[in-house]
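You will see two complexes here that share chain A, one where it goes with chain B and one where it goes with chain C.
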Partner chain A sequence: MKTDEKTQTYGRLVWRRFRRSWLGMAGLVVLMGLAVVVVLGPFLAPMNPDARYAPYQTPSRIGVDSDGFYALNAMPTGRDDPVTLQPLLSFTGAEKVRLTLWARTEPYRLLGPITLDRRLIGTSRIGQRAHLLGADRFGRDIFSRGLVATRVSLLLALTVVTLTTLTGLLVGATAGYMGGAVDRWLQRLVDVLLAFPQLPLYLTLGALIPVTVSSGLFVAILIATLSVLGWAGLSREIRGKTLMLARMDYVRAAIAMGADDRRIILHHIAPNLMSHVLVSFTLTLPTIVLLESFLGFLGLAVKPPMISWGLMLQDVSGYSAIGSYPFILSPVIFVFVTVFAFNAVGDALRDAVDPY
Partner chain B sequence: MSVVLFLLKRLAAAIPIVVLLSLVTFLIIQAPPGDYADNLRTMLINQGGASAAEADAQAKTFRERNGLNDPVLVQYARWAGGIVTRGDFGFSLAANRPVADIVAERLPPTLLLALTSHLLATALGICLGVLAATRAGTWVDTALNLFAFVGMTTPRFLLALLVLYVLVFRLDSSQVGSFQSAQYAAAPWSLGRIVDLIAHVWPVVVIAAWGGLAYSMRIMRGNLLDVLNAQYVETARAKGLSPARVIFGHAVPNALHPLVAYQGVALPYMVTGEIEVAIVFGLATVGPAIVGAMAVGDVFVAATFMLVLAITLIMGNILADLGLALLDPRIRLEGGAK
Partner chain C sequence: MPLETPYVTPSIPTERQRLLEARDIAVAFSIEGGTVEAVRGVDFHIDRGETLALVGESGSGKSVTARALMGLLGRKARLSPSARVTLDGQDLRVRDERKMRDVRGRAIAMVFQEPMSSLNPLHTVGGQIVEAIQAHARVPTREARTRACELLAEVRLPNPEALLDRYPHELSGGQRQRVMIAMALSNKPALLIADEPTTALDVRVQAEILELIRDLQSRYNLAVLLITHDLTVVRSYSDRIAVMRQGLIVETGPTTAVLDAPTHPYTLQLRDAEPSGYAEDVDVEGQPVLLEARGVRIVYGGRAKSPAFVAVEAADVCVRRGEAVGIVGESGSGKTSLALALTRLAAITAGEVSFDGLRIEALSRREMRPLRTRLQIVLQDPFSSLNPRLSVQALIEEGLIVNRIGHTASERLEKVCKALGDAGLPQDILHRFPHEFSGGQRQRLSIARAIAVEPDLLVLDEPTSALDLSVQAKILETLKDLQQRRGLGYLFISHDLRVVRALCQRIIVMRDGVIVESGPTRDVLENPQSEYTARLVKAAFQVRHT
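The block that comes next holds the complex of A and B.
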C-alpha cells in the first residue's frame, strides 16, 4: 500500500468542490475585500466621512494628465435648467484637484487607539474635496461614508447572525435530541415565532425604541430584536437533522457501547450539523445586512456618529431629492455588492459541503 | 381521515398561536411611550392654535372616551372581545372610522397583488425550470441558473427604489403610487379601466414576482432533474414515447409536488415582498398602512393588520399542506406517518 498519498480531509474535499464554482470564488474574493474594508475603512476612504462641504455635490470627474490623477468638481454655470429650475453645472474651467497616494490629512482614528494622519488616496492639499460618488444632503462624501459604514453594517449583521445561529443550533439540537415534552414546548414556541409576519413586526418594534436613546444602546436593542426573532427557522431545520442523525446506526452503536449524551452530541451529532450551520450562516448574513438597510430607509437606522448603509439610505426616503440628485442612491451599490458576494459564497458552499 | 377533520384539527391547533400572537403584538404596539392622544395634543397646539391647557383637556377627554387610560391588558381584552363576539376590530383613532373598513380597503389589493405576483412567478418559474432541466449542462441551463441566482439575491426593496427612480424621474411616469388614473377612479369596471390598473401596478407585480420566479425555477429544475433520472422515465423512453410526452406526461407532474409544499413558505415571502415594494412606491396597501398607523400610535389599526396578516400566513400554510396531501396520495392527512 502506498503511504505517501495523504487522505483528503473533509475540509479539503469541500474546498476542491468550492473552487469549481467561479461565482463562489468571485464572491470569496469580494468578501476578503470587504474584510479589509471593515478593518481599514477610514484609511481607504479618500475623505473624512464626517467633514461637511457644500450639500448635494455631483460626483467629481476623475482624469489623468502628465502630473498624475486629478479630480474636477462641477461648477455652477450661472444658468438654470428651464424645466427643473436647478442650476446647470459644468466641468469646464473647474480647478484640478490633485489626488495623491499616501495623502496627508488631519489625524483621525483608524481602530481603537490607533490614529493616523495619512490616507491611502486623498487630495494633495488638506481641505480640498473630491467626491467619487458625490456628496449627501450635508455635503459629506458618500463614497467615504460608504466605506466607513461597512464596519457597522457588517459587524451588526455578523453579531446578529452569530447569536441566531448559536441559539438555533442549541435549541434545535436540544429539541431534536431530548424529544418528549421539551421538544413539544420548544416547537410551539418556534411555531409562534415563525407565524409572526416578520417585516411588520420589525416596523412595530422599531417604533418601540425611543428616539432619544444613545447610538450604542440603539444598536444593542436592534441586535437583540433581530436575534430574538431570527433563530426559529434554523432551529427547526437543525431539529429535523438531529432527529434523523439520532436514529442513525452509528449513533445507536455509540449508545449501545455506553457513550453518554455529552459524547454523542459533541462527537457524533454536532460535526454532522456543522456544514448545514455554515451554509445557513453565510446565507443569513446578507438578509440581515439587507434588513438593516431597509429599516434604515424607514427611519430606523443606527444613530450618528455611527455610520451604516441603512443610515445613508435614510436620506433617500424623501424621494424629492432623488430626482435632482440621483447619486444619493449610490449607497445601494455597497449593499448590492455585499449581498451578492455572500449569496454567491453561500450558494457555492451549499453545493460543496456534500462532497461524498 | 377526512379532509374536513384534517382542516378542523389544524385550525384548532392554530387558535392558541393566533391568540398568543395577537396578545404579544398588542403589547408591543402599546409599549412605546405616548399614545394617539399625545399626537392629538401636539396637532391641536401646532395646527389648531389651541393653548397647552386646552389641548391637554382635549387629550384627556379623548383618552377617557376611547378608554386609553385603562391598563393595556384591559384594552387588549376589550379589543379581542370585540373581534370574537361582534366581529368588531375597534375604531381607528386617526382615521376616525371602524378599523374593519380600513382593512376591507387595504387587504384585498395587497392579497391580490401578492397572489398575482405569486401565480405569475410560479407559472413562469415552472416553465423556465423545465427549460433548464431539459437542457441541463448547455448554455441555456447556465444562463438560466445565473438568472435565478441574480433573481434570488436581488434585494427587492433596493430594486424597487431603482425602478421608482427610473420610472418617475427618467421616464416621467405619473402612474406610480396609485391604482388608477383620475378619470377611472369612480368609473365602472371596463376594459379601459383594467388596462389602466395594469399600467399602474405592473412595477409592483414585476418586482415582487422577480425573486419568487427564481425560487420556483430552481426548485422545479432540481426536482425535474431528479425525476428524469427515475426508472419509470427510462421505461417510458424505452417504450418509444416522444420526448414531449415523457417530459410533460410523466416527469413534470411528479416533479411538481415539492413546489406545492413550497407554497406555504412562498406566501409570507410574497406578502413581505409586496409590502416592501408598496412601502417604497407608496401604494395604498397594507404595508404603508402599518407604517402610518405605527407612526401616530393608531393602536387598533396596527394590531388588526398584524393579526390579519398572521392569520393569512397560517391559513396559507394549512392550505399548502392540504394541497400537497390531495395531490400525493402517499402523504396521509393524519401527519406523523413515518
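The block that comes next holds the complex of A and C.
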C-alpha cells in the first residue's frame, strides 16, 4: 500500500504552526535553558548558595582587563549617608577578584550521589566572593541561590500542575461523560472549591503548621494544599468540552458502529481533549510559580535548607530592607523570566492547536 | 464569451438602462505561504429593474465578486488595480472605505444567507430598521419609525406595528429574512445584492421570499444580483445568468437561452447535475422486510420544568431489502429524530421497531451491538462526523475492529480498500486525515465507513444537503450503484424532493412530527393526497412559465 509523503499527522501540523510564533519559539528556548538550570543548577552557580559572607552586599561590578574577567566588591568608605545614616560604599581601591572558568571549589553535591569540586564559573581562589545580584541578609549570594532555587520552585509547580491537571481531567471527563447524578454532585463539589476563600486558608496554614515540621513534610503539605484547591477550574472546562465532544456526530457514528464506552472515551474523546489539556498545563504552570513566590512573600514558603524563589522573596517583606537594599528584589527576575517563557509557549501552543 | 443580446424580460417590460457596470474584477487573498486568486478578472453589468443570477458551486468566487462591489472584501483581500465599478455612469471608488460607507445601504443594499446571525439579537426589529434609515439620512426617529412600519408592511409581514418592538428571536427564519429585506430597502437602493437569500430556509418559505423580492423589484424598478447555486431558483426568478467557475464567468446570457442550450461544457455539466427523473423501479414485493416501525412516538424533555416536546407521533415506517425509502419534510418535521430513533441512537418513547423480525425498541446499547453491523447510519454533517484525530484507515477500520470482522490486519485492510473503492474514493489516501478532504470527499468517507461492515440497511440523514450539485450527483450515483450491486436498502432523509425522487422507490412525507402521506414515489409526487404535499411539490418543482 502506498503512503502519501505529504500526509501530516496532527502533531506535525501543530508544530508547523507553533514555529510561526517567534515569541513561542523564544519561550521554548528559555524553557530548555531552565531545564538545564534545573539539572545543573549548583554547577552553574558561581558560588556556594549556602555560604555566608557579609550581609546585604551590593552587586559586584564586573570588568575585564588583560588578565581576563574580574569582579569588584564595594568597600565601605567609612562615612555615612547624612540622610539615611547608611554607610557609604565605593568601588575605588577595591581588590580585583579574578573570575575563571572551571573554577575549583569545595566539593558539593550536584544531584543525588554525584559530587563535584568544580564550578562552570567561579572565583579563582576559594573563599573569595563575587555577588552578581548582591547578597541577602545572611550574606548569601542571591544569583547562585536563584539558580539553585529553580529546582525546587519548578519541580513544586510541575508536581502541583500535574496533580491538578490529572484530577481535573479525570473528574471533568467523568462528569461530562456520565452526566446525571454523578455530574450534579461533582459539580457541587467544584462549586464549593471554587467558592473557597484561598488566601485566608494559606495564611492560616502558615500559622498552623508547627515550625518544627521537617522541610520535606512542609513541601508535601504545600503541594497537597495547592493541588486540592487547584483542579476545580480545569475540571469545569474539561467537563464542558467533554459534553460537547460526546455530542459530536463522530461519537454518535462510533456508537452506531457498536463501539463500547471504553473505546469511545479512549479513541474519540480523550485525544480531542489532549490539546486543551496541554495548553492548560503550560498556562497553569506559571500561575503556580507566581503563587509560590507570592506565598513565600506572605511567609508560607518552603523551609531551609531547601531554596525556592518564594523563600528568597520572604526577605523582601521587610520594608526597611527594600528601601536600603533594593537589589534583594532581584529573585523576581527569575520568576519573571520563567512565567514569561511559559506564557509565551502556552499562547503559541494555543494558537497552534486551536484551528480545529 | 457570448455577449447578451437586448431582449424583453417577461417581468419588467420597461426601459433598459444600464445601472451597474463591473470591469475586470480580480480578487486575491493572501494566505499562509502565498495567495489564492478567488476571482480572476470578471466583467458584467446589471440593468435597472433586471435580475442577474450569479451561479456557481462553492468556491467559484460568487460571493467574493459581490463583496467586491460593496467594498466589503476585508483586510486579507487584494482587489486588482484595474478593477472598475460604475454605478449610474459614476465611478464607484470601491477601495475608498469612506466613500463606500455612503454607497452601502443607500445605493447598493445586501441581503445575506443567514438570517439568524445577520440581525442583532439585542435590539428590536424596529430599532434596527430605524438605525439603517438614520445611517444615511437625518430623519427624526418618529418619522423613521413610521417608515420602518411601512417597510414591514411592504415585505408583507403581518401586524407590522406590533412587530417593531419584537426581538429577532421571536421571529421565524422566513420572517427574519423579510426583516432583512425591509432593512435593505429602507434607503430605496437601486441595486439589491441577495447572497443565497433562501438557502437556509425551507422550500415553501424560499418560494415566498423569492416571490416577494420579484414583486418589490417590479414596484421599485430595483436591480437584483441574485447569488445562488440552485438552478431551479435561477430558472424561475432571473432574467439573465452568469455562470462562474474557478473565479471566471464562463458563460452569460438570458437565463432561458443559457439553460436551454448551454454553450459552455461546465454550464451543461451544472445543469445535468440537477437531480432529475424518477428512480428505477425495484421489485421488492417478494423481498423480506428489513426495518419495520409501528406507532413510533418520540418525546423530548418533559422532566423537571421543561415541557415535553413531541418530536414524532405515531410513525409507521417499512423498508424492504434492496429498497430505497425517502423521508421528506421541512426542518423541524421530525425526520432526523425518527432516523436516530430507528437506529436506536435516540430513545423511543412508545411504539414498536423491529429489524429483520427482531424487536429492537427496548434493547440497550450493549444489546444493540450485534445488530450494528447490519444497520448503519450516515450522519448529516460531513465535518463533524469524522474524528479529526483518526486517519482514513483508522476511521474505516474501526467498525471492523469493534465488530471483530477480519482476523488479520491485512484482511481488514483489504476490506477497507474495498469500501473506499465502493464509495468512489482512491486507495492511496489511507494515511491521510479528515481535514485534508473536501465536504464531498468527507461524506464519501462516512459512506465508506458505514458500508465497510457490509450492512443490510443504510440510514442516510441529509447526506448531500451540505454539498454542491455536481458532488451530490456523484454520491447519488454511488448510492444507486451500491443498491443494485449489494442489494442495500436505504432510508434516505432529505428536504429536497428532487433528490428523493431521483433515488427512492417509496416516499414518506412528514410534517410537525406526523406522517401525512406515504406511498410509491411517483404516486405521491404526481398525485399528492394531502394539501401539504401538494404545496411542497409545487415549491420544489416550480418553474416560472414564460
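Here, the second predicted complex is superposed on the first by the 347 of 356 C-alpha atoms of A that agree within 3 Å, B and C clash if a C-alpha of one lies under 4 Å from a C-alpha of the other, contacts with A are read in each partner's own complex, and residues count from 1 in each chain.
Note that contacts are C-beta pairs under 8 Å (C-beta built on N, C-alpha and C of every residue); 3 or more make two chains touch, one makes a residue touch a chain.
Small disclaimer: the values here were computed from a predicted structure and weren't measured.
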item	value
First (chain B), second (chain C), both or neither touched by A:Leu101	neither
Which superposed partner A:Phe336 touches (first chain B, second chain C, both, neither)	first
Chain B versus chain C as contact partner of A:Leu170, first or second or both or neither	neither
Superposition-derived comparison: chain B or chain C, residues of chain A touched	B
A:Met32 touches, of chain B and chain C: first, second, both or neither?	neither
Contacts of A:Phe196 with chain B and chain C, given as first, second, both or neither	first
Residues of chain B that touch chain A when the two form their complex	16-18, 20-21, 24-25, 28-29, 31-33, 146, 149, 152-155, 157-158, 161-162, 164-165, 168-169, 268, 271-272, 275-276, 279-280, 286-287, 290-291, 294-295, 302, 305-306, 309-310, 313-314
Chain A-facing residues of chain C, complex	340, 343, 345, 365-366, 368-370, 372-373, 376-377, 379-381, 384-390, 398-399, 402-403, 413, 417, 427-433, 435-436, 446, 449, 453
For the chain A and chain C complex, residues of the former touching the latter	1-4, 7-10, 248-250, 252-260, 263, 267-268, 271-272, 356
Parts of chain A lying in touch with chain B, wherever the complex brings them together	23, 188, 191-192, 195-201, 203-205, 207-208, 210, 286, 290, 293-294, 297-298, 316, 319, 322-323, 326, 329, 332, 335-336, 339-340, 343-344, 347
